[in-house]
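The two complexes that follow have chain A in common; it is paired with chain B in the first and with chain C in the second.
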Partner chain A sequence: MILGRVVGSLWCTRKHAGLGTYKLLLVRPYFYYDPSHETEQVVAVDTVGAGVGEDVVVCLGAPARWSLGDANLPVDAAVLGIVDRCQLQRVAFEGGAPAREGGPRARPLAPLGAQPPRTVEWIE
Partner chain B sequence: MIRGVVVGEVWGTRKAAGLDGRKLLLVAVERSDRLVVGVDTLDARVGDRVLVTWGSGARNVLQPGPGNRGVLCDAAVAMVVDGSSDPPAEEGECSSGA
Partner chain C sequence: MLLARVVGKVWGARQAERLQGHRLLVVRPLLAAACPSAVVAAAPDRPALAALRVDVSADHPALEESAATRVVVDELGAGPGELVLIAHGSRCRDLTLGEAVPTKDLVVAIVDGAELRFEQPLEGARP
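Right, the complex of A and B next:
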């Protein structure tokens, strides 16, 4: 799964019959993730009622399809839950300082200038 | 499966069915700059090195058997690593220094 922020939604009139009732959300991932989905935004089916501005967890691949009850749907991403809060080690996000004495330098998870998750609480 | 280090945790009250009561961990993939969210069943803590199962197999960690297709999960912590025989990471190679 990946952590991302809902930045919008999209709708359409002509679509696969099985997708009739699902809301589609535009989600911007906070971190690099699966190389086959290396885009700035991913479109995910909403199953929990998420709104713009909320942090969400998105499930990718076949499990996202099966969770909608039909293995034949053309879906490969689904919102799994809405994030109330998350904790993250600051050293893992920013990189630089050794995580522990004598340990290797941490490589930053986020590219330079990237925003941390909206709901983050730092673990120092 | 991939190796990673637990660097945080995620909480949410509105979650898909099948994940009730499960902890969601932020796992930094070892020797890369990627971060994934994985379901935890083994009570892993921040700083633990873990093995994460990817894709369809991850559901089997939560609920084994053929009836688990409805579980919305593509990454799960399958193992908390105690040790491995590979050489220690070089400077700047490891994503969170564990």
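Right, the complex of A and C next:
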């Protein structure tokens, strides 16, 4: 799952029937765990009534389909939760050493610098 | 799923048998949809935190494409210049194109419109 902010919504008339009437949200991840992911956006189906501007947790892959209650939807991302608050270790997301020696570090996306998550409490 | 701009088509006389009859499109995933700084720079007179409908058929700065291209199978009839929604994975393919088609990327929707949020950079934020 990834942490991101809903930055927009989309509408489409020509689409696969499986997408049905689900609301499509455009989400900007705050961090990506996969450095090879070249784009900084993901479109997710909304299951919890999230709105534009909210911080959300997005599930990618097959579990996103299961969460919709129908495993036969051509969907690979779903918003599963609206974030009220989260705590992050600052060192793991900024320059310098990762949180533990040899440990992983999320790749912060470029525009994040100007827009840290409102819901985040940083742990020094 | 990703937003991507259709930038061309591919066709070939010699191709995998199971690709026959499927349209192949060249797409470029959007780089950073609704990048706040790019959008604010483009529309400095917009109030912060306002949502605005953007014309997805035009070159809006919020809809900048990445240089990386991807070839996808299209069943919906998307054309060059259109904004499409790309789903990835074999299961999505099974559910839409059928299990026999050798691809993992496909068009699941053609985007008509988008409403994007415009945000001002926060003062004192990390560089």
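Keep in mind that, in the parts below, the second predicted complex is superposed on the first by the 99 of 124 C-alpha atoms of A that agree within 3 Å, B and C clash if a C-alpha of one lies under 4 Å from a C-alpha of the other, contacts with A are read in each partner's own complex, and residues count from 1 in each chain.
Everything that follows uses one rule, which is that contacts are C-beta pairs under 8 Å (C-beta built on N, C-alpha and C of every residue); 3 or more make two chains touch, one makes a residue touch a chain.
Since we're looking at a predicted model, the values are computed, not measured.
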| item | value |
| --- | --- |
| Touched partner set for A:86, first chain B, second chain C, both or neither | first |
| First, second, both or neither for A:1, with chain B first and chain C second | first |
| First (chain B), second (chain C), both or neither touched by A:61 | both |
| First, second, both or neither for A:47, with chain B first and chain C second | first |
| Which superposed partner A:15 touches (first chain B, second chain C, both, neither) | second |
| Overlapping contact positions on chain A, where the chain C interface meets the chain B interface | 61-62, 109 |
| Complex contact set, residues of chain A against chain B | 1-3, 30-33, 47-49, 57, 59-64, 66-67, 69, 71, 78, 80-89, 91-93, 98-100, 103-109, 123 |
| Residue ranges of chain C touching chain A (in the complex, touch as defined) | 1-3, 29-38, 49, 51, 66, 68, 75-78, 85, 87-89, 91-92, 95-96, 106, 108-117, 119, 121-122, 125-127 |
| Contact footprint of chain A on chain B as seen in their complex | 5, 7-16, 19, 24, 26, 28, 32-39, 46-47, 55-56, 58-59, 69-75, 88-98 |
| Touch list for chain A against partner chain C, complex | 6-16, 18-19, 24, 26, 28, 38-44, 52-53, 61-62, 65, 72-77, 94, 109-111, 113-116 |
